[in-house]
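Across the two complexes that follow, chain A remains constant while its partner is chain B and subsequently chain C.
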Partner chain A sequence: MEPPAEVVHWMFGVGFVFLGLCLLAEAIVGAEVWRRRRWRAYLWPGIAFLMGIFMWPVMVFYTSSAIHMLAHSAWAQVMMLVGAAQLGLVRGKLHNQLWELTLPLALVVSGLAFLIHEQNPWFFSRSAFLHHALGWTLLAGSVVCLGRAAQPRSPVFNAGFAVMIVAVAALLFCDRNVAPIFGHLSPLAGAR
Partner chain B sequence: MDAELVRQRARARARHSWRNTAVSALGPLTALVGLVWALVQPYRVTLLDPDKHTFWYLAIQPPLLVILVGVVFHFWVVPGLIADLEEVEEGKA
Partner chain C sequence: MRANALAAAVLVALALPTSALAHAVLLERVPTYGARLATTPRTVSLQFDQTVDAFASSIDVRSSTGKVVTAGPAHATDSGRRVVVPLRRLPKGAYTVRWHVTSNEGHVVAGVYTFGVRVKPPPPTEAYGAGGPTKFEYVAKWGYFLGLALLVGGLAFRLLVLRGRTVTPALERRFYWVVGVGVVGSIELGILGFILRAADAFQLPLDQLVYGDLSPLARGTRFGTAFIAMTLGFSIVAALLFLAWLTERTILLWPAFFLGLLLCSGLSLSGHSAVDVGSSWKSEVADYVHLVAACFWVGGLVMLAFVVWPTAPGLRREAFHRFSQVAAVLVGALVVAGAYLAYDRLPRVADLWQVRYGQVLLIKSSLVLLALSWGALHHFVVAPALERGRGVGSRAVSRSLRGESAVAIAILLVVAVLVDANPPAKSAPRPTQAVVAHK
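After this line comes the complex of A and B, so read on.
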């Protein structure tokens, strides 16, 4: 009764869309207004932490190789780290703004995990293409997040981060277990 | 004097800021994207052909879920955010 892998990707896509909307709204109104209600301040860090928790069963039930398992556990850990660090910052338990650097760190680790564990070239299959695209999107996003950590009030960096999260959601929604990409599908990709 | 203040506040409320408009548009735009997606790829809406699909494909239908996210965001997050935004903007005015 386990959901197919592509369905799991779509479920995470839904989480990323909501996350992206929250971040976009925060970028538009500014952190001062967004954090006027306590529950709203906890919303996106809480979602990030929750998605990190949900990544663990994905690691256990959906990985077919050691490198695949390591990549999923890396995503689980960094999502929980970012969620926890942001929760600590908005709650006031953490004071050092260097904790903001957990976000670019998480994106670098996630991006590298995508690129390293995908051992096929871009046009091997849709899944391979998406792994490469997600990896480079996250690495580019880490640069935006570094800017965001340096200038937390910058609407450009905040909106850039939100748009990157929405892009991740769109890429996750494109995932299929086995499907061609721009007409390319390797015969080794497992298509029947 | 009081009447003038009331009129000024009413005018301020009527003149929504671009932030107010942008935040209010996020949910409907998201739902619209989901709707367009459902029209472009109707096979993604498995409820249209329920006998052909298993439980998970019926439960998780990305275009409908994107519409749902837009609706939830619009009715759960946006109203309080708009109220807080107006409060802050009126305070600054």
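After this line comes the complex of A and C, so read on.
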């Protein structure tokens, strides 16, 4: 009944690429220009929040192992948390800038979830490689986001964050169930 | 040159363990999970995506009475990707398969499932050897009920008791904290409860359960279906609550409230009232009414004691009066539904003190009686005094409300134990005269 795992990864890749392009556009033109239309300020936090909600069906329907389920639950929660905190800040409902730290926190949790739930080494299969790459990309991204929280107007940190999100999207698009690179197929190959 | 050699060595080192460090995934079970077979299977076989280490005891098959029905040791075939165990001739009945193999990387991969020969097998949660809930599971379930009460009761209080009243920002802020804790608690403790139930069915410690295949539990049981529906539902409730807070639109609380009410039915449709022998739509409805009334009551008390009283002195008298009226109706529904369920589940009065379920029910009833007496004091003494303008600023009233809330929360702990206790078995309904005559 469920779509193949690769299709789910691509769907989230679409979300991340849109998210990354919004952030990249904001980093290029600057926050003042980007936020001249007020709704644009809500765009990326709204997408992150929505993606968090859409992660819950993945969590409950893909239960081949407990650790898989818990990892998806962690991603769902941190995406909702980041989206909610950013929306609260944009809307003026939250005033403490410490809420910005939810972003690096979310990236650390997400990265660790990728690395912990992937039990195979880097070159075991394509999916193992992607999981490791995603995990380390997110962990590296958390450092960039810490810098962004300290210097919100820095074009380097803003662009770095945007590029990291686009890289995550690219890695998600690279997922294939039937792709015999590094010698092994994913266990999900051929699954419906 | 040296750098190239080093890079090549690193690549080789990373590539070499690929065949030795792998996490096995179960691809196929024969007989499959939940199968109702017409004839005795000769073997149980499990197909993995890669080579696994199998042991003589890798597949354990037992009857519903715990009798081992394997006819020899388990062994690997298909280059170590399939593990097979021969079976004796199986009489009619339900059978539990527990398996464990070692992946190449050394992790134990395990699972449990059931099948039946000429009978419908039980869900994995009732597989032979499942030890029943632990104390930790009781505490998790207690937290789950409390989360549900804070969410549904908090929303009911805000929408019904405080309807049409201007609330202070401080009250609104604390209200969102309470229902927020409720919905997050319901999601988190729901997941924890699911994992703990799986640990019980698998009979594995938590560190080994992480690689367990949970799909038979998630797909093949009412409990699993309720878990899926409630997790998805509560995530939507969380989103609605957040949007209501963000946009300051109380109207968004209504769909969150109705969805929360609907989700409460998941417990009634997957618990004793739905699956035990003799259960009917009446027992399911009674269970649902009992649960919803309890959530309104406990959540409302917490809102009154911890939200309205400290943050909105101007609303104290009116909120107390209104909640007191609503509570009278809730208590009525609670008692009637509870009495029906007790009558339905306990065939004999002596079961109240002779079986564990009855004993827990007695403890719960005693606590409910204490809470009701406390509530009656509030209804008949405190409410009229507040109406006369006395005691609005009294610390004694505040403490008394907190005391009643504490008793109500303690009742939820007993409920957590009660819902996992098995009511005494009922005899199956006798066949009608027509059926007997036909036979």
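The working rule: the second predicted complex is superposed on the first by the 177 of 192 C-alpha atoms of A that agree within 3 Å, B and C clash if a C-alpha of one lies under 4 Å from a C-alpha of the other, contacts with A are read in each partner's own complex, and residues count from 1 in each chain.
We take it that a residue touches a chain if its C-beta (ideal position, glycine included) is under 8 Å from a C-beta of that chain, and two chains touch if they have at least 3 such contacts.
Fair warning: this is a prediction, and the values are worked out from it, not measured in the lab.
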item	value
Joint occupancy of chain A by chain B and chain C, clash or fit	fit
Touched partner set for A:Gly88, first chain B, second chain C, both or neither	second
Contacts of A:Ser65 with chain B and chain C, given as first, second, both or neither	second
Partner chain(s) touched by A:His132 [first = chain B, second = chain C, both, neither]	neither
Contacts of A:Trp56 with chain B and chain C, given as first, second, both or neither	second
First, second, both or neither for A:Val17, with chain B first and chain C second	first
Partner chain(s) touched by A:Trp34 [first = chain B, second = chain C, both, neither]	first
Touched partner set for A:Trp122, first chain B, second chain C, both or neither	second
Contacts of A:Ala25 with chain B and chain C, given as first, second, both or neither	first
Shortest CA-CA distance in Å separating chain B from chain C in the superposed model	22
Chain A-touching residues of chain C, taken from the complex the two chains share	14-15, 17-19, 21-23, 25, 27, 49-50, 103, 105, 107, 191, 195, 198, 209-215, 217-219, 227-228, 231-232, 235-236, 238-239, 242, 245-246
Chain A contact footprint on chain B (complex, rising order)	19, 22-23, 26-27, 30, 55-57, 60, 62, 65-66, 69-70, 72-73, 77-78, 80-81, 84-85, 87-88
Interface residues, chain A side, partner chain C - complex	49, 53, 56-57, 59-61, 63-67, 69-70, 73, 76, 80, 84, 87-88, 91, 93, 119-124, 182-184, 187-188
In the complex with chain B, residue positions of chain A that touch it	1, 3-4, 7, 10-11, 13-14, 17-18, 21-22, 24-25, 28-29, 32-34, 36-37, 40, 43, 173
